[in-house]
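Both complexes shown next keep chain A, but they swap its partner, so chain B is in the first and chain C is in the second.
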Partner chain A sequence: MSPSVQVLAVLRRELDVERAGREVMVTTAPYVAAFVVLAGLAFGPAPSELARTAAGTVWLAVLVAAVTVGHSVAGVEIAEQSWDLLRGLVDPGALFLGKLLAVWAALGLTWLFASALVAVLFDAPPPGSAVWAGVCGTLGLAALTTALGVLVASGARRRGLLAALVLPAGLPALLAGTQLTTPGVPALPWAVMMATYAAVLLTVSWAVFPALLEE
Partner chain B sequence: MGHGATAVSGQVGSDAGPDAHVRVAVLELAGVSRLHAGRPVWAPVDLRVASGSLCIVTGDNGSGKTTLLRLAAGLLRPSTGSRICTGRALYVRAGAGLRGVQTVAGAVATTAGLAGRRSAATAALAVLGLDGSATRRVGTLSAGERVRVTLAAALAAQPSLLCLDEPTGVLDERGVDDLLAVLRQLRAGGCAVLLATHQPAAVLAGADAHLHLAGGRVSLHDPVSA
Partner chain C sequence: MTAPLHPPRSTPADRTLTAATAAASLVALVLALVVAPPDAVQGQAQRLMYVHVPAAWLAYACFATVLVASVAYLLTRDLRWDRRAQAAGELGVGMTALAIALGSIWGRPVWGTWWVWDPRLITTVVLLLVYAGYLSVRGLGDDRGTGARRAAAVGIIGFVNVPIVHFSVVWWRTLHQPATVLSPDQAVLDGRMAAALLAAVVAFTLAGWLVVRRRIRQLALLDAEPAVADPEPARPLVVTAKPQP
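Coming up: the complex of A and B.
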């Protein structure tokens, strides 16, 4: 079985489980919707105020949702005792990439959902550079969440630490994503920063993932 | 088999005889031990497990059966010694391993798919008599039914080494018979099985070896005399 086929098998499993239980969607979508609406009430309701906070609201929603999504990487698997069988069937590299793709899809949809809500409710359509931020930023956060999701879930005393680790480590995505989503801001420096952030997190997470699986 | 400084030094399943060409070693543990809180769970173990063999593992609660099985499956790293395993090794705790939100058919197919054997799922469900439960969610099954579903997934995935942790505790008489039938089918395909249980009488008859853990040592017995 080639590595790419194994990666796709892991991704298919993740999608099958999500389709059967809709756990990530049910926990994330209402949370993001409530976050955006409450942020609109807190920062607004004047249209000028809402427009100024629109980009930050999108990326704060994505960053906070990453914590919720992170629990699906290994925490739920360990709670249901399915993690051991999964580890036995799949090589660490394929497990990382399959989980990464699933988390990336979840965060990408979360970003799309939050962006659409903010565009409508805040009357603040995002600029074109927001797409680059969405692709690279959610990839970087997915790599971070995948690695930290396993790290935190593998130790009983670490399970409450996911938010404490993901939120500060996701700060570059929050900053660059907000700037790239704000109309009129020069995109290039922030686009480079976002791409670098995603590349570094992807590389580091890939490198440490096998060690995170070891007991 | 010789007993020296190690707690157990032995071989499970002979690689001599008429079928020697297929009875190759699946698992080799050499001087293997595992530390918990700085102390070894048991004295170092040398063990060679041949393909198609069945080894029953017994011992009191806390004697280290699960540690031995998880180490054999490659989930735990040995603190000392080395582990060599050819092919895929799976560790399955009684009835666990599958996601509760999936249907029986979906969970078995998904698990088999991870081994590249999705098409084997239907036959495995039939062997375990699970055709009628195919659309039920795994999370709604009884403990015994979950063991059967997990066995179907393991059968479909066709590992080289299957480490079953306490599968018999929640099974009724028919369930044990089905377990033995599945084990026969797995072993016929070359899969070696390590099976930890507190009810050894039900499974010792067809076993090749019996490992007993007690007092921080692992000893190898003839299953017939146990």
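Coming up: the complex of A and C.
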């Protein structure tokens, strides 16, 4: 089986698992909705305050939701005791890419959902540059979440460490994403920073991923 | 029960390094406290720079060492590299915490507050959290090699944040003082202050090198010791009915 076929097989399996259990959707969507509503109550209700905090709320919601998504990266396979079989059968690069695409899709939808909620509830429509932030930022976070999700899930202890690892390392996505989602901020430097962050994390996570699969 | 670990034996290189560290520290102390004048604006509080900046420098050097040693470990699987990474990571976390604490003490008289939501400060705290996570990951593995591999992965990924911390002063509008020594304007720092700062950086670097060397040897001893037996597992809870009289 070629690597690209393996990638698609892993991705298809991830989507099948999600379709069957709706684990990510059931946990992430209500979480993001609660986060946005509570943030609106905490930062508002003055429209000017809501408009000022809208961009940050979107990216904080995505970043915190990445921790929830990260627990499902290898959690199902480990619970079903099929993780050893999967990593034995599939090429590490293909396994990484398949998992990455699934996490990227989950985080992309999370970002879309959070953006839509904030745009409506905070009355703060995002600028066009927010789309670039959504694409690149969720890609970088997906790479980070995939690598660290496998790292923490395959350990016997300290599962709660995932938040302590993902949140600080996701800081560049939070900052650049917030700036790119704020109307009137020059987009180019932040767009470059976000693309660099995504490219670096993608490369580094792909490089270290095989080491995380070893016994 | 295992035998207590013997302290790492001092080598001639250690003794030379200790002497060099002591000499550099003495020179740095004299230059920083006696020779260098107080700052025209900040007064005596500015002397904290001679500890704050070297601590930050040493932290960066330690995290760079973690990166290099982590990459080398993943390539060679030689535990000596992992021990270097761990020793440097521990010192880096300590130095970052020291730099933050000293910066806060310095900021109180100069900025009028212990803490400001300045990007440089925030990202430095985040850096501290990343490497605290790096050290926590070491306890994840069921065996020495697994823990080392996972730590190496986090050590490499975590370093992504280091350039962002460094360049945050340039990228964001910030209250934090921009780089003085490396500034294109050559006349901004008094020569005596620059000499004191340089001596302090040398002293911190030598002391850090000494600490890391000794810690590496201690970790090697720990690796050589037979594994401490796992503590007795928790017994299942058994509930028995109290006999009725």
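The working rule: the second predicted complex is superposed on the first by the 213 of 215 C-alpha atoms of A that agree within 3 Å, B and C clash if a C-alpha of one lies under 4 Å from a C-alpha of the other, contacts with A are read in each partner's own complex, and residues count from 1 in each chain.
Note that a residue touches a chain if its C-beta (ideal position, glycine included) is under 8 Å from a C-beta of that chain, and two chains touch if they have at least 3 such contacts.
The structure presented is a predicted model; accordingly, all values stated were derived computationally and were not measured.
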First, second, both or neither for A:Val135, with chain B first and chain C second: neither
First (chain B), second (chain C), both or neither touched by A:Ala199: neither
First (chain B), second (chain C), both or neither touched by A:Ala169: second
First, second, both or neither for A:Glu214, with chain B first and chain C second: both
Contacts of A:Leu148 with chain B and chain C, given as first, second, both or neither: second
First (chain B), second (chain C), both or neither touched by A:Leu121: neither
Partner chain in contact with A:Leu86 - chain B first, chain C second, else both or neither: first
Chain B versus chain C as contact partner of A:Leu109, first or second or both or neither: neither
Contacts of A:Ala33 with chain B and chain C, given as first, second, both or neither: neither
Footprint overlap on chain A, comparing chain B with chain C: 214-215
Chain C residues within the chain A interface of the complex: 74, 123, 126-127, 129-130, 132-133, 136-137, 139-142, 146, 149-150, 152-154, 156-158, 160-161, 164, 171
Touching residues on chain A, where the partner in the complex is chain B: 1, 5-6, 9-10, 12-13, 16-17, 20-21, 23, 77, 80-82, 84-90, 214-215
For the chain A and chain C complex, residues of the former touching the latter: 144, 147-148, 151-152, 155-158, 161, 164-165, 167-169, 171-172, 189, 193, 197, 200-201, 204-205, 207-208, 211-212, 214-215
Contact set on chain B toward chain A in their complex: 70, 73-77, 88-93, 96-103, 106, 110-111, 113-116, 137, 153, 157, 159
